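There are two complexes below, and they share subunit A, which is joined by subunit B in the first and by subunit C in the second.
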Partner chain A sequence: MLFGFFILTVLGVLMPRGPRSLAMQTMAFCIFAMAYDLCFGYTNQCSLGHSVFFGVGAYGVVLSLLHLQSGILLGLLIAFVAGMVVAFLMGSICVRLTEAYFVIVTALFSAIFHLLSLDMTWLTGGDDGLSVTLPDISVGGVRLSLYDPMTNYYFILVFFLASYLLMRRITEAPLGKVFISIRENEKRAAFLGYDPFRYKLAAFVLSGAFTALAGSIYALTLRYATADLFGLYWSIIPIVWCLIGGVGTLVGPCIGVALMFFFQYYVSAWWTHYLILFGVLILVILRTSRKGLLGYLLGR
Partner chain B sequence: MAILEVREITKNFGGLTALKDVCLSVQEGELRGIIGPNGAGKTTLFNVISGDLKPTGGKVYLQGEDITGLPPHKICKKGLGRTFQLTMVFPELTVYESIWVGINSRKEKPWDPFRSFEKDSDVSERAEELCRIVGLYEKRDELASNLSYGDQKALEIAMALSTDPAVLLLDEPTQGVSPKEAEGLIELIVELSKRMTIVLIEHSVDVVLRLCHKVTVLNEGRVIAEGSPEEISRNKEVQRIYLGT
Partner chain C sequence: MASEVASALLFYLVNGLIWGLIIALIALGLSFIFGVMGIVNMAHGDLYMLGAVFAYWIFSALGNFWLSLLIVPVAIGLLAAPTERLILRPFEGHPAVTMIATAGLSFILQQLVLMTYGGVPKELPMPLQGSFDFLGVAYPLYRLFIAALSLVIIASVWLFLHRTDYGILVRASMQDKEIASAMGINVNTVLVFTFVLGCVLAAVGGVLAAPVTQVFYLMGNDVILLCFIVVIIGGLGSLGGTLVAALVLGGVEGLLAYFLSPTGARAAVFAFMVGVLILRPQGLFGTQRG
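And then the complex of A and B:
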């Protein structure tokens, strides 16, 4: 994986404009995919409510820039914390529920947030969204502008790398092992002295916070946020990424994102109904290996 | 004072009475056997003691403290460990990791993200020691799901021991295991009973009468006899249940 980051660093200089902006979006989505994996892959909570955190993150940074003139770094921090708080409140209700009930109630939250954001145009701009001008970032006396594509690329790469390292740290630390033990057998974990609710909530909150970070970075690359970011699409797509790439591996979901982008931008060029192909591919992958592409490769 | 005290526990499932006024008093260091025909309520009693089920009535005391109705994770922290009749391991964790997770729960901050999985020496030493005690040291890096049933039973015991319990509840540790593996498990239980209090549910009456200091007989949710193995084997009521005479 670190080798992958090295390649991304070198590619930043070499890539032409088009693929580079594509790579930027891919990286933002990779953060999303890894964050979702923390919840889905590590504690087996199949949330359909992650669009809430994605949207909260996007609006978190955009509104901070518009109304608080907060600057980009503080804006990202606000988005991250907002995601954490919303995930905590939502999780306090949802995480108590099991299986299908959890899925349904998280989906309801996603629908509620989507409708509210469409309705409250004074705050969110509704369907049209809110555009934002990005101020310069000054780090240690150096001023950086995200309007420079190269700067923007490395800015996102840094956050991608930092998110990956943090989540890797969490999943490899004792906490990650506890998450997995709860995923594997919740009851047994309880009899070993762990409160399943508390640990599942922790995973949900961490996942929500990193999802918000992904949303805020995505909004910065688009330079705007719209109510669509709360839509059901953004709740389902991370499941697809995780299933293709391999749940519970962090790296796998990133492979899922890359594959999806490949289809979306290259395969679609010669066949517009590329999603059919993609759907078939998902079925084939899951038929061959329940743990996605990476699970298949690691299992050999 | 008894280390584990069960007072007049009653458990109803709807109209069905699974346990009726069950009393049990286990002294420190004792190896207590619980026997009884199928459906006598043995496992239900364990489920009530360990917090898996809330009793309809009655109290459970562990080391003098009232633990009735507490959730399993709290009861575990108070010093109770248990195994399950049908093995409940973590299929995708290795032997070593499964035991590690249990030891970790006793740490002050079991969630600390800055502690490394590998480098915590007191945890890893204890985990390796437990692997040795139950005879799984050579298989410590195997996934739990790849173990034989007998080895899974041994892992169950190791996981129950990992939280360092004062009282250990073993629910049919030799059920469904080959005779050779069963012999190993029984030796392990005898060895453990020198160091801790154990309550053992066993289907095989011979094993219980051979190992245990004291035996409790359950039938249809009631305690029908209690005493030394000799007393129990002479007891007319027990003979009637087991021999149907």
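And then the complex of A and C:
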């Protein structure tokens, strides 16, 4: 994985403009995918409500830039914390529920946020969204502008790397081991003295916070946020990323994102109904190996 | 003035209740499929959509709306049976996995319809003209037909489940698949049958709704969450509960639509449901597992 980051660092200089902007979006989605897997792959909570955090992150940074005139870094922090708070509130309601109910209640939350964001145009701009101009970032006396594509690329790469390292630290720490033990056998973990609710909630909150970070970075690359980011699409797509790449790892979801992006940009060029292939792909993967491509390769 | 408000409210309420009956049809199918086979069918809304799209096709080809009430169930049945047997069977019993698989199925169905039917919403003419005076409100006759037919279908499903031999087999499989199988019930055919029945119910809901809504390839997304709520609130496998929950939801959403925007009304209903689920995770009427 670190080798992958090295390649990304080198490629940043070499890549032409088009692929580089694709790579920037891909990296934002990689953070999303890894964050989702923290919840889905590590504690087996199949949430359909992650679009809430994605949208909250995007609006968190855009609104704090527009109304608080906060800098970009402070805006990202606000988005991260907002995602954490929303995830905590949502999680304390949902995490207790059994599998099917958890899926449906999180989907309900996603629908409520989507409907409200469409309705409250004074705050969110509704379907049209809110656009934002990005102020310069000053770090230690150096002023950086995200309008410079190269700066923007490395800015996102830094956050991608930082998120990966943080999440790897979490999953390799004892906390991560408890997550996995709960995934494998919740009753036994409870018997050993770990309260499953608290740990599942912790995973949910961490996942929500990093998802919000991904949303805010995505909003920065788009330079706007719209109510669409709360839509159900953004709740289903991370499941697909994780499934394609590999559930229960951090690298797998990133592979899934990269493959999907390849699909979306090159297959959609010659066939607009590529979502059919997408659906077929989901069924085939579920049928052959539920652990995704990485799991399939490692399992051989 | 007051009577005008009252009659407007009544109109919204009746509208909501009739919508609730259509939702009840769809949700009933969802409840069977989940109750018997453990499939969280995310593609269920798309079967409703398929019903409406087929109705549109049949109307434009044959010029007769009523024929679609006969043809659509057969067509959907022919589609659904192999889908269950060949695609969904290996995933059954794992709610999260079936949810993802059916979400994939939903993508496929929507895109196939988009390819053939197009992305523009279309409308069907009312198959029944005329209106019915109900407490001073003129009400379109076709909507009353929707209500009547839905009630007849729901009643016959109840009779089927509780008064026929095959209904007993279905209920037995719903309670415990393994024991039912051990008792000599051919669970395989029960599974296929239940899936087909559930899909046909959704498609008939789509046919009935086609003339009163816009026929659109994403129209399933509007109903799917509502149906899940109805199933949960009504309690799994509880036919009466599903009907009551659908009527209450439809009525409340109809009334709220008078005061709030339609999106606001739906958000309020969803928020209310979240509250109900926190207080009573087993649903308002259900006593079964989740």
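The definition used in the following text is that the second predicted complex is superposed on the first by the 300 of 300 C-alpha atoms of A that agree within 3 Å, B and C clash if a C-alpha of one lies under 4 Å from a C-alpha of the other, contacts with A are read in each partner's own complex, and residues count from 1 in each chain.
Convention: a residue touches a chain if its C-beta (ideal position, glycine included) is under 8 Å from a C-beta of that chain, and two chains touch if they have at least 3 such contacts.
For clarity, every value in this text was computed on a predicted model and none was experimentally measured.
S.K.: In the superposed arrangement, does subunit B or subunit C reach more residues of subunit A?
M.R.: So, of the two partners, C touches more residues of subunit A.
S.K.: Can you give me the overlap between the subunit B contact set and the subunit C contact set on subunit A?
M.R.: No residue of subunit A touches both subunit B and subunit C.
S.K.: Contact residues on subunit C for subunit A in the complex?
M.R.: 34, 40, 87, 90-91, 95-97, 99-101, 103-108, 110-112, 114-115, 221, 225, 228-229, 232, 261, 263-264, 266-267, 270-271, 273-274, 277-278, 281, 290
S.K.: So in the complex, which bits of subunit B are touching subunit A?
M.R.: It comes out as residues 50, 52, 71-73, 76-77, 81-82, 84, 88-93, 97-98, 100-102, 104-107, 110-117, 159-160, 162-163.
S.K.: Looking at the complex, which residues from subunit A come into contact with subunit B?
M.R.: Residue list for subunit A touching subunit B: 169-170, 172-178, 180-181, 184-185, 187-196, 199, 202.
S.K.: Once bound in the complex, which stretches of subunit A touch subunit C?
M.R.: Touch list, subunit A to subunit C: 44, 46, 48, 93, 97-101, 103-105, 107-109, 111-112, 115-116, 118-119, 232, 236, 239-240, 243, 273, 275-276, 278-283, 286-287, 290.
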